[in-house]
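In the two complexes below, subunit A is the common chain; its partner is subunit B in one and subunit C in the other.
Let's look at the complex of A and B:
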């Protein structure tokens, strides 16, 4: 059966779109493949063969050894990063709600301040941040790193939540006010449930950002055990790098964000769609 | 000084930078009365309702609910919506999408801190009055427009508020449901005896439910009266042309060909206009025995199903008139037109006389 013009055009578009997806997929998959293949090679083979050549044998010994070494830092990173992502999202949504409720000059200027805070490169504020953490006696502790991450990432959370909040129609809030609900109840019973996808997206985003952060843990720690990115960095030795171990550490260290994103990715997308209004969430 | 229903005194609302949404509006709603505010889009209806609810603050003027001032900028008084004890139905109903119908209706009671069993009892009660008992377990998205409207009404009524505010509650319903919904709302309002303000741009809504109607245009009250009064005795050109379907014919009084029929009964000045409702001017082929009569030539005949209207040229004026059911007219024919009622408006647009034939 011959295809109609519309169908032809349609399938051409589908093919073009698929091609784009494949190209992007490869761009993303190649480094992971490189990490995996590198971690399966012996040190000699890693140094002697091109990065993308497959390993001559499947030797999981390096990965297993590095995994044992990473257990501590992985756990530390989790217990630092999870509360930070959750707390920053919570604080951010509260800030976003009050900005959304006020909608006046005060809230506008707070909004601008938050936006500026988000765009400041964190290297610029590291010195005062470190001094603050030190003065609190939290240098080289997980709470110290958590506090610094929280300080730096809460404005970003607020900014994201303002964007998600603006997708919530105001009449729900007004209806709740007329029904007699005070601010906190409006937030808890009406706004939070409608923010669901936005909260998930923001939390996923913050989890990944804080997990991957390097400088803040680096400057607030003496050793390498407090954060996964430091631990990975530690495989870059002064006298020579153990490339296969570094590959394995990088692979293992990037798995948690990857898993989070893959398993919760659809909420992330749903959140973005709620904002764009493209598809009903 | 303030009545027991709702009272609004010299209310003005200016939105920044300089939109005057309400301009010195004063009105009284009696306890138990069903008042309708009728006006075209942008006339300030929603703004008025939102100020009564407390969702908006007046720029000037005082609002009383049940005899108590709830907003008075001159005294820096502003009671927030939570403390005004009003029920409101929003134009799109604004049912909480994450809650089932039961929880939507229960929400205002939950805030009041009533016991679980008391809440259950009152939700059941109001659901029965509104005929939505079967829907309590559903989510709003699983309801038709008419059902959502009833749920919104239930949520507004369940806490037994002092006043009920309805913002275009029928506009999202299709024509058939709309008619039953109007009767229904009217019946519920009657039986509960709750002071109610409904705003709409649709005169059919207003006539169906209103005890009294306030006509609003560009933030100013044009006229207040019972439905029949507005129709029979419009205060000015705006009310005259806004109310009535098909709309009133309005023509220049001078050189219109209609001067003859009003001469001797009213004096016509410069810039005066004459208004005639199509339903109060009847065209027929047989000469009538007397009354206010003019002759003209049929230009066009239109049927609405039950009635026929004709566009008739009288002198230089062109009028839409009702066709006598016993006549059948065709374009080009000479016809007699009997006027039952002719309104005369002065150069400011105020009605100064009505001649009854």
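Let's look at the complex of A and C:
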């Protein structure tokens, strides 16, 4: 009897949960659907049809035209963002190792200082950074944007790496130290091999965050060519009511992070979890 | 066997330099906010709190300040609500695969640029060509982005973006609940509501705290989304947008004073979290 009731209740719960997931899911699907269908509309069609009506035929003309215009900014974004994500992850993991190995008041304070710097909105402290970039003659250049991104995302990488590193059992390190290995050797031989997923997660998280960053390139550029988000934004003013172009630019500009998200989503989510307070799922 | 101090120093220096630059930014803002740096000024004159007085006597900033705080409150309330509903629903599926797929699905807005999200929703909110085509069937035709409505609509978009993040934090809390605890309660004949009230919710406090902290922070730094949707619209201007507009019109001392306000409001949330939360939650396993 008791078990029967439990089972009944169980299935009712799953049905209710499925209903919630479907209703919410629709709201999550509609924007992506609109983005896809809008990008596939021709110039003639976009003027008369609502955003959510499917395209009458698959027209790749808009996507092809926008793709040509986006080549430069896409390339620029790749050569800015990839080195930034890699370098920040590398420097962050070195700092994280030193913090993890020290674990005293000094490293605790550094850790807290890094966390505060990470979570205070960079939007509020960008002006002096712009002045610094300008004084180095790097305004409106890719290295300038890279420098500003590194300034903000390297401490964040250190924070994420501390979180990932804290999962490594200390006795691995102690055992290696007993065997006479030095600090750097322990890092290379013991810690790094265990850190693979943590490094990947941090790098992928930073790649997506820096790719999607808008405020930093906006304040450090004159035109719209230096970063993909600026280029996408430029279509808002340019094409007025022609949403097919805006959508095509949005779609193409989102492909790299979307592909990474779809294929390596679990690493991104682990990055998010670390960012959101180091929760372990 | 602690690390060699010299090695420690060498390894920490790059991150320390970048973090110091961020702190330098905070102090620079304090300096500029208390010194008249506007292009109209003749020199760098110490003006003390004059800049802040001017800032808070400006209707535009007061509105932006209130709007940002309201945005935080709304995002915290609605984001937590959506997050807990999503998390509780996803949690009902027993297959880990299904749970992971659903969690990933609801997180996808976070992998998109806020500019892209803004562009899509700007069109979905279009009076004649957006979702109103569907709503028309039930006799609704709201003007989403007109005047004061725009604020509420964009708040909803921000809830849409971050609900998955909140759900993820709650799910992490739920997973920490011992499964056998729930099962034994079920066998004892406890209903769903009882299980939720007695077992699941008390264990979700961590999810609630983290979710609240981050949703509030996301709202305080709101810029890209309203800017991509409606530029510098007076009905949706946030504090960061105020900083941006004062910076671009070269009223640096006002931009800096507003920046200090943003930093102070965030520090109010971040510092207790960094001092208490990180030690408790992040470094828990590290010692």
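Everything that follows uses one rule, which is that the second predicted complex is superposed on the first by the 226 of 281 C-alpha atoms of A that agree within 3 Å, B and C clash if a C-alpha of one lies under 4 Å from a C-alpha of the other, contacts with A are read in each partner's own complex, and residues count from 1 in each chain.
The rule we apply is simple: a residue touches a chain if its C-beta (ideal position, glycine included) is under 8 Å from a C-beta of that chain, and two chains touch if they have at least 3 such contacts.
Quick caveat, the model's predicted, so the values are computed rather than measured.
When the shared chain is aligned, subunit C comes close enough to touch A:95, but subunit B does not.
With both structures placed on the common chain, the touch criterion links A:64 to neither subunit B nor subunit C. When the shared chain is aligned, subunit B comes close enough to touch A:193, but subunit C does not.
Contacts of A:174 after superposition on the shared chain: both subunit B and subunit C are touched.
By the touch criterion stated above, A:125 is placed in contact with subunit C alone, subunit B being left untouched. By the touch criterion stated above, A:255 is placed in contact with neither subunit B nor subunit C.
Of the two partner chains placed by the overlay, only subunit B lies in contact with A:185; subunit C stays clear of it.
When the two complexes are overlaid, the chain among subunit B and subunit C that reaches more residues of subunit A is C. When the two complexes are laid over each other on chain A, subunit A has residues 174, 177, 182 in contact with both subunit B and subunit C.
Residues of subunit B touching subunit A in their complex: 53-55, 80-82, 86-88, 90, 92, 94, 96-98, 107-108, 111-112, 155, 159. Looking at the complex, you find that subunit C touches subunit A at residues 1-4, 7-8, 11-12, 14-16, 18-19, 21-26, 28-29, 32, 82, 85-86, 88-93, 100, 102-117, 119-124, 126, 128-131, 133-134, 160, 163, 165, 168-169, 171-173, 175, 186-187, 189, 191-192, 206-207, 210, 213-214, 217, 220-221, 223-224, 228, 240, 243-244, 247, 252, 255-256, 259-260, 262-263, 266-267, 270-271, 273-275, 277-279, 281-287.
The part of subunit A that touches subunit B in the complex is made up of residues 169, 171-172, 174-182, 185, 189-190, 193-194.
Those residues of subunit A lying in contact with subunit C across their complex are 2-3, 5-6, 9, 13-14, 16-18, 20-21, 24-25, 27-28, 30-32, 34-35, 38, 49-53, 91-92, 94-95, 97-104, 107-108, 110-117, 119-129, 132, 150-152, 154-155, 158, 162-163, 165-167, 173-174, 177, 182-184, 208, 211-215, 219, 228-229, 232-233, 235-236, 243, 246-247, 250, 253-254, 257-258, 260-261, 265-266, 268-269, 272-273, 276-281.
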